[in-house]
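For clarity, chains are labelled A, B, C and D in written order, and residue numbers in each chain start from 1.
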C-alpha cells in the first residue's frame, strides 16, 4: 500500500474543510469543558482529547453513518468525529435526562446509535473485541459496514488486544484497529510497559497490514485510514494503525499536569508546536484552500453550536429518581 | 545464537543416556496408564504425552532441581522429566492419600515442590504468567533459578500468553517459554485458530530470541533449551521456543481417536515414524553410544520402577472423608 | 421479528401443571440441540460460537452436526481466547445479531468476567436503554471422574450478584428447550446454565417451538409438610428424596424449581413456604455466597412469619472440588442429604 | 520468619473494646502506607506491584514515594494486563515472595478472575496443602463524581463465594494497619478491600507493627435494641445513624463490624442478635447475591429463634452504577437509610 497518495492537492476542498471542521469542533468543545469544569456542575471524570484530534477526524472522515465506532474513556473526540449529537453529549456530561445516555453514562459512556457510535467503555481494551464482533456481524448480515476501535497505547498491553487481532485476521473481518499512541497510560510511559516501541509491527505477525502514522497530521491519518477502510469494505480484512500523537491535558480532568513530574514541559511544548489543527490550518491558508476569514467564520459557527449545546445541556432537567431502576433489563 | 552446536559427538554420553531414559520413563509410564485405565479405578481425565517426550526431556535435562516448572493439563511428561516422584504421581492418578497432591489434584494437578515442579493448571495458558512470577521471584531473591512454562499451541491463542511475554521481556526475566505445538487444541487445528503458523516469530516483536525446533528431536530441543536456559541464568532474559511435535493418543483418555475424523491416519503415521524415542535410540545404537542390550536393561529397570509405582499407587489407601475440608486455607 | 409471537404465547404454568405426557420424548441434550436448530432456522441473526462447537463430539452432542446444516459461518469454532471471544459475541449482539456462545465448562468463563460483567450486563443501562445485548451464554456444569478444582465448578452463584444479567437453570428437557428459546429471543444477556448430569434425562418435548416466560418457577411436585426449593440437577435429586420421604418417613414434600434465578419467581416460593412453613434449599453450587443464600435471605425477609423452623441448605461445602473419588463422594450432595435435611427441619 | 511473633501477638478484641485514644493519629490512607512501609522494611520478600504504584499520586497516597525508599525493583509499576500480572504476582508468591498487588479500582479486577479464582484460591487445595499463595490483593472501591458503571463497583460480594480466598474489609485506620499486616503475614491469598471514602478518616494508630486476627469482628458501639451489622464505609454511616436513632428515636443500636468476611466471626454477630433480636445489615455492595445475603441467611439459620423481626438490609439497589449526580444520590445508601431500616425493624 502506498501511503503518500494523499496530498493537499488531490483531496477535494470539501473534504479538507470537513477535516478541519471535525478537528476544530472537538477542540473547541473540549475547551468549553475546560472553561466550565470548575463550576463543579459537570460531575463526571473527563479525559480530554485535546492534541489528538487529527486521529478521530482523519479516521472518521472515511466512514459512513452506518459504520461502527467503539470508543474508550477518552470518548468525546471519537463521538463528535463520527457525527454524534453534540447537544446530547454536553447534556450527558452534565448528567442530564436529555444526555445521549440519558444521564446514566457520563463522559466515559457515550453513545449515538443513529450515528454509528456504538458506545464507549472505561475498561481499557474492552472495546477492541466488541469492534471485532460488530465486524463479524457486518459480514454475517452481508452488509458493508466497517467497524473501528480506537484505543490507546495502554490497551496494547492487554491480552484482549491480541485475542482481537488474532480473530479478526483469522476471519478476515472488516475492522480497523486504531491505536492512538500518546506514549502514556495514565502517568506511565510506554517504555515502562512495553519492551519495544513498534506497536504497528504486531500486524505483521497476524498477517495484516500495519502502519505507523503521524497522528498529528490529519491528512496522513486520513490517507492511511482511507486505504484501511476501503480494504475492509472490499472484504480484504483488518488493518492496524498506530497513530503517534500526544495529549496536552492531564490524564483526567481539565488541567495541565506537568507539575506532577512524570513528563517534561519540553516534551509537551514540542508536541504543542505540532498542534494538528494549527498545522493544518497553516497549510490550508498557505496553499490557498481557505482564507483566514473563512476560518474565523467556521470558528464562530462552531462556537455557537457549542454554546447552544452548553445551554441545552446545562438547562436540561436532571433525571428523576425513579429512572434509577429503569434500563437494567427488559422484562417484556 | 547458533543452534547446531549440539551433536551426538559433543554431548557427554552420560547426558545422552539421561535424555534417552527421561523419554523412555515417560513413554513407559503412560503406556502403563493405557493398560490399566480400562479397570476404571484410575478415575481422572488423563491427557497423554505419548509422542511429545522429546520436549520435556530435552528441556528438563538442562535444569537444576531448584529451577521451576509450571505445567498444564498434559502434565505427566513435565513432572517426570523434572524429577517428580513417580510413585506419588501414580498414586495421585489413583486418587490416593499418598498421591503427590494427596488425592486432591488428579492427573491435571500434580506437584513436587522438592523437585521444582511447582504445579500444573488445567486452565489453558494459566501457568504462563505463573512461570513469569516465579522468574521475577528468582531475580528479586537474587537466586539463579530459571523458570519454565510448558504450554500448547492452544495457549498461544490466549491473551495471558502475550501479557506474559511482554512482561518477561520488559523486565528481562529468567524464563523460558516452551510452546509444544502439536497442531491441535482438542480437535481444532492450529489453522482454524491462528492466521499464521509461525508462533516463534512473536518473540521478535517482544525483542527476545525465538526458535522453532523439531520437537521430535531430543538433541535439538536439548541444544536450543541449553542456550535459552543459560541465557536466562546469566540474567539475559527470556526466550520463546516453539517445539513442533505431535500427540499420538486422543486429546484426553488412553485411546487413539482417529475415528473421530478431525485428523488423518496418514498424519499420525508420519509422526509415529518420527517417534522421538525410536529415532534417538537408533542414532545412539548406530553411533555406538549404547548397545541394544543396554536398552533392554534400561527398559527393564524403568518397567520395574513403574510396576512398583503402580503397586504403590493402587495399593495406597483412599483419603478419609474428613480430608475434604482440609487444605482450603490456613486459619493459623 | 420472528420471536414476537413465540414470546407472546409463552407457556405460563400457573401454579402446578401436570407434566406433559405426549409421546414425543427427547433427552435434555437433544432438546438443547433442537432449540438451537430451530432458532437457527427461523432467524438468520442467530449463530453459535464456542470452542469445539463444530467438533465431532458436538459439545456433548448439543451442537452435533449443526455445522453440516448451517455451515461453519454460523457454527463457529473459536481460538482459545475466552475474554476476547466473549467480547466478540457481545459486539455482534450490539450490532444486531443473536449469538449463542457455548462454554463447554463454566470454569473457563472466569476468563470472560470482564466482558460479561463490565460490558454485556451494563451496556443497556450505561447507555440509558439505547443499546441492548441479546447474547445467550450457555455454560455447562458437571461433576465426577476426578475433574477436580478447575473443571467442575458450578459458578452460577457469582452471577446472582450481577445486575443486568439474566440467569436461567433448567432442570428438564421440556424446560430446557422452552427456556433456551426464550433466552435467544430475549433482548438481554442471559447466562444459561446446563448440568451435564441432566443431559441423558428424557421428557416429553413438543416438536414445535415454544417459549417459557422468564421469572416463572414450576411446582415440580405438590406437598404439604416441607418445601424443597431445588436448582438444576438437584431437582431430580429432590424428586428421589421426596419419594423416600413420603414412603419411609411420611413427610410430604413440595418441590419448587425456580427455573430462572434472575428474574426470580418470588411468589411461587413464598406461597409454598406460607403453606408448609418449612424450607430446604438445594443447589449444586457452593454454600456460602451463592444462590442458596440469596433464596434463604429472601424468605427470611419476606416470609419470616410463616417459617416454623430454620431454613436448611443442601449445597456444596466451601472447598474447591477434590479429585479423588473418595473425596468426591463426600463433596457432592445427593438425595440422601435432602432427606436428612427435610427430616431435620421437620423436627425443629 | 519475621511475622511469627507479630501473628502470635495478634490483638484479639474480646467483645467490646473502647477505641484506643493514644495521641498518635493517622488517616486510613496513611495507615495503609505505614503498614506497607513497615512490611517492606522487615521482610525482603515483600514487594508491591500495581498500575501506577510509583506514580506521583501514589494510588491515592497509599503508596506515595515508597519507590524512593525501596526502589522500583520492589515497587513495580505494571503494564495494563490485569490477568497476566495477577498470575505473575501469584507465581512470585508460589516461589516464596509476599507480593502486595494493588488495584486502583476493583472493577478492573474482573479481568483477573481466572487467576484469582482458578489459581490463587485453589493452589493450596489442589496440591493437598503442599503449595501456598501468600499474596495480598488490595482492591479499592469508591463512589461518586459520576464514576459510573465501570469505575465504581464494590465487588467483594463475588469473593464471598470463592473457597480458599480470605476477604478483609477494614473500616478504620487502626484496623486497616493491623489487618493489612495480618494479610501480608498470612499464608493464603487475601482480598483486601478498601473504601476510598474512608481514606481521610483519622484514628489512633500505634507506630509499632501489630496484627489483628483474621475472623475477629469488632463491637463498634454497644447497644440493646437493634444490631446493625455494617461493612467498610457503612460503619461510619451506621455510627452516624446510631446517634440520630438514640437521640431522636430512643433506639439503642449495637454496631458490629465483622472486619474480615472470610473467615467470618459468626459468634460476635450471633451473640449480638441473641441480645437484641433485631438485625439491620448494611453493605456497600449490591443487595442480591452479595455479602448482606450471606450474613442474613447465616442469622436466619443460626439465630432463627432469637429473631423478633425480619432482617432488613441497606445495600445498593440491583442496578449498575448510574453517572448522573441525581441518580447517584438515589443509588447510594447512607445513614438515613440505616435509620429508616432500624425504625422499621423496631416496629415489626
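The rule we apply is simple: a residue touches a chain if its C-beta (ideal position, glycine included) is under 8 Å from a C-beta of that chain, and two chains touch if they have at least 3 such contacts.
On a predicted model such as this, the values are computed, not experimentally measured, just so you know.
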Could you work out which chain's C-alpha centre is the most distant one from the centre of chain A? B
When B-C and B-D are ranked by contacting C-beta pairs, first place goes to B-D
Whole-angstrom distance, CA centroid of chain A to CA centroid of chain D, is 38
If you average the CA atoms of chain A and of chain C, how far apart do the two points sit, in angstrom? 41
Two or more other chains in contact with one residue: find those residues in chain D. 78-79, 81, 83-84, 107, 111, 114, 118, 125-126, 148-150, 163-164, 318-320, 322
Flagged in chain B as touching 2+ other chains are 99, 101, 103-105, 109, 121, 123, 157-160, 162-163, 166, 170, 193-194, 328
Using the touch rule from the top, collect the residues of chain D that touch chain A in their complex. 51-52, 55-57, 77-84, 107-108, 111, 145-151, 317-320, 322-327, 329-331
Hey, which residues of chain A end up touching chain C in the complex? 68, 70, 99-105, 109, 111, 113, 118-119, 121, 123, 126, 128-138, 140-141, 145, 147, 159-160, 162-164, 166-167, 170, 326-332
Using the touch rule from the top, collect the residues of chain A that touch chain B in their complex. 157-163, 166, 169-170, 193-196, 198, 201-202, 205-208
Show which residues of chain C lie in contact with chain D when the two form their complex. 83, 107, 110-111, 113-114, 117-118, 121-122, 125-126, 148-150, 155, 157-164, 262, 285-286, 288-294, 296-297, 299-302, 304-305, 307, 309-313, 318-320, 322
In the complex, chain C residues that touch chain A: 7, 44-45, 47, 73-74, 78-79, 81, 83-97, 114-115, 118-119, 123-132, 163-164, 166, 186-188, 213-215, 263
